[in-house]
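Presented sequentially are two complexes of chain A, the first with chain B as partner and the second with chain C.
This part shows the complex of A and B:
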């Protein structure tokens, strides 16, 4: 009975999300300028050790090869730095309303996906458990309201919101202490997370002068100020080193 | 409505106060705080009072507004009545006493003052969780509760039998980065927020903020939370706390195994164990072994003890689980030594019987410290048998009542009381040990059993 209820909830959730996408192209960005960036790490990258998941067989069974720890510092062969959260710190006006389409934080294979993500204040955050084991989602904001909720059943979804901007909100799972994720909560759509090439792109900016901040879990924050004209694309370079 | 709900929760917990809360007077609250609370919680409420670091768990940092035991949604502050309830009842298993001797007026003023220490109370209003009516023990569905316990993953931390031995139990830390343990659900007396079904039901629904215990609100219906709570109540073992133990006199041979059915008819004596704090007055790990159950039988020559204690992990290879039975010697009689401080420089010798999970043997020596047992002239090995099962050790160990004079060992009195003490090591945290107070063995009045 319980499972049926959950299945129904998931079904409803999907329909709602689907409807959200169809109805609303979320034309939040107001301009046509783009800021691209390339983020590199110099120095010796932290060694990534295999995570011991033997405490929970459900977790272990989902991975044919060991998962590497320190997702906090994923560095490519040329020093490309993944998982840097870049956002316009000042110069952008707050969005009139938050998107209704949720951002999804998935727990899959006892791992948070994504590890770092951006979300707007008051935008729904859909937290999903794709694992057939208990996860607790222990969110530790300092400006927003914290929560620690249990998701014991596969397929369970919980929707939460952060109402105020906050860089960054940490998530952890006490049942599986290797799990962590970070959300950058901002009040406009001008943010991005660097990919495996260390690249990011913030689009749709109105012409203007902006202070950009790049945050990395292990290597701290950096800022750059730059001016873009309507239709312009500017490339930025960022370099982090071990602190 | 919120107020009504909270009051209902509080009232039903047996803490009903018909009188209206008084008008806020922060000066009165502050004066009471400085007098009664600051020693542990710190002058400014940061949980850093002079005694704080000796305590497990630590005194609460009141400036963060994170309260563990609430009737409210995870992440929201407690209601006034929640805080009042903690002041009135204390927190079992911690150093937080009840403050019943303070007037209701003072307690309410303390509530107001505590709230003024944290901005959390202004930022988010308390939101009481939705609770269902108590089905009562007759209508609670224990079977359903047991199924929920499994489905909801409670065993991940609390263990399948509730002995805090789940696979995620080790390595838990609280929001302050300090090591903590999940509750041993068989030890109802150790539940900080209270062991009655209502308290337990609220813990599921609200979570315990600042710890790994999440809120199951949304994952479990308010009605099911009651079934689960009544199931958890069945896990609680009734403790018979006593500092005098009455061994059972029997004719003929004594039991040599932990499974001997005769143990079932021997009265249990529960003894609280406390971690020895280190030289800096701090604890390095969260206590895992918190109590020991003593049962004993004796005949004319020999006494047999069955010791039972919960330890989340069996450690028998490198750092090992072990237990020591301690008797005073003729040189160390009297009440001068606490096992909390023993041994110390120049401390008197004790008669030590030390059992190790590695050797599965007990050795005895009269020594001035535990380490010395290995090097002291060890007497005959005593008959023992042990078993580790699902978070629990059981050990049977025998000893002569009056050892031969050549052993220079302590005898047990059959005419008066004999003090016996215990020290228990959890091999997973072998840098510290848990010790008992002295317990008096009474071999005078052949009490058979409770039944």
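This part shows the complex of A and C:
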């Protein structure tokens, strides 16, 4: 009888511990605050040069009009700055687990799509070759494990993971030297990339005070500290100048 | 001396070997240019695998693959050329040190291929990339040295060697030129693969130029006793003039593939000429005359 009671006690204990473990992600449930932003460039925007793709006829044939480089800066008519990676630098708790849904980095038209993107540490990154030519994908992190993989066949997919946060990881194709992309690796879901209107939105933040960092490949980084309440939407303004 | 019917069969054989060594040296110089192009175009990782390229022997030669795989193909040809040179030298050359030099050149080119593979597979670690660049220059110097010492008239020059005044100073100067030229190539490789050491590279360049000019002056003072040596000294100084101009142009236009590669290529020529200058000064300025076959076969 005593043995039965002991076994029941152990069983209940295990159930309670298991329930606690299972509940842990819920303890870090998303909030309802939102940070929106508008990013502008002030000054004379760098000229976007047309990319010479004649090194590979397959690349050239895929574009009927000249492709302008994204490496300098993509600035709209009113100074709207695209491809700025904005993330919560401090104040956010690390996510309990990374999403299993992969982020896709596509090589299409001898061009990386997207040029700048965010990904969580340990989230799968699916690298796809949609071109009928050879690409190498040379990831050059300094904190994470670098790699250089061959994707010689159209439709080829390779999945990789970055295990540690790192701002930013550069990707380069050495076959087509104009191809580059950047990934911001963070350990939470609070990040965004500015669009062609220079706008971004980070949603689902719990109430709190956060330090935000905005990164641009040419114009460097900026930070802002702000406090949001639950359900609140805060608008931020960012202005970059040529360094 | 080696014209037409007056040539002995052994002389003709030696001349063939010398010409083959010259061809190998030229191919090795081409390989250095191809290697310089790989670094200048940042194509070192365009082919991620090794020894095959994208699992193939001949991938499409597009973009950076053209430079990286082209470099590998030329390297393969040069490896075979040096291998044949080592075998040929072993079979026909009487001087044991020449045979050893050729064997060493072959071993060096094999090591160079392994370093090339390693640097690709390990994603261009600077230490291995720098070692690859320096060993490439060493292989070129070894092959140029082989082409030089396999010249049929090479041994005969020792018979005319006479002790000359101030030979210690001259030998020191010539050796300093060779060591400074090698140091320059090492520093150049460091800059190309890490972006640092620009100032030391500039300082050593000036030291090398000054030492070379003094060495030329000393050689010219003794030119009656040192036939053919002044031409090496002149070549070093003139090439240094070209190299300094290229260096300034590269500094002002660092993205120019042509200028950066030319800077590497002229650097290789300077090192090879500096080595030949030191070698010639060393063997002629300090050695007693060598009149027996045994002496000639042993003499460097």
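Just so we're on the same page, the second predicted complex is superposed on the first by the 211 of 243 C-alpha atoms of A that agree within 3 Å, B and C clash if a C-alpha of one lies under 4 Å from a C-alpha of the other, contacts with A are read in each partner's own complex, and residues count from 1 in each chain.
One rule holds for everything that comes next: a contact is a pair of C-beta atoms (placed from the backbone, for glycine too) under 8 Å apart; a residue touches a chain by one contact, two chains touch by 3 or more.
Being a predicted model, the structure only gives us computed values, none of them experimental.
**Student:** After lining both complexes up on chain A, report clash or fit for chain B versus chain C.
**Tutor:** clash
**Student:** Contact-wise, after the overlay, does A:45 reach chain B, chain C, both or neither (first, second, both, neither)?
**Tutor:** So A:45 meets neither chain B nor chain C here.
**Student:** Once the shared chain is lined up, is A:103 touching chain B (first), chain C (second), both, or neither of them?
**Tutor:** Neither partner.
**Student:** Once chain A of both complexes is superposed, is A:199 in touch with chain B (first), chain C (second), both, or neither?
**Tutor:** A:199: touches no partner chain.
**Student:** In this superposition, which partner touches a larger number of chain A residues, chain B or chain C?
**Tutor:** So, of the two partners, B touches more residues of chain A.
**Student:** With both complexes superposed on chain A, which partner does A:156 reach: first (chain B), second (chain C), both or neither?
**Tutor:** It touches chain B, and chain C stays clear.
**Student:** Which region of chain B runs into chain C, 79-87, 367-375 or 439-447, after the two models are superposed?
**Tutor:** 439-447
**Student:** Where on chain A do the contacts from chain B and from chain C line up?
**Tutor:** 55-56, 133-134, 136, 138, 146-150, 152, 174-177.
**Student:** Name, in rising order, each residue of chain B that touches chain A in their complex.
**Tutor:** Result: residues 66, 73-76, 123-124, 151-153, 156-157, 167-168, 171-172, 175, 207, 209, 211-219 of chain B touch chain A.
**Student:** Considering only the defined contacts, which chain A positions touch chain B in the complex?
**Tutor:** Chain A reaches chain B through residues 2, 55-56, 133-134, 136-140, 145-153, 156, 158, 174-177.
**Student:** Residue numbers of chain A touching chain C in their complex, please.
**Tutor:** The contact residues of chain A facing chain C are 55-58, 133-134, 136, 138, 146-150, 152, 174-177.
**Student:** Taking the complex as given, what residues does chain C use to touch chain A?
**Tutor:** Touch list, chain C to chain A: 41-49, 54-55, 59-60, 62-66, 68, 123.
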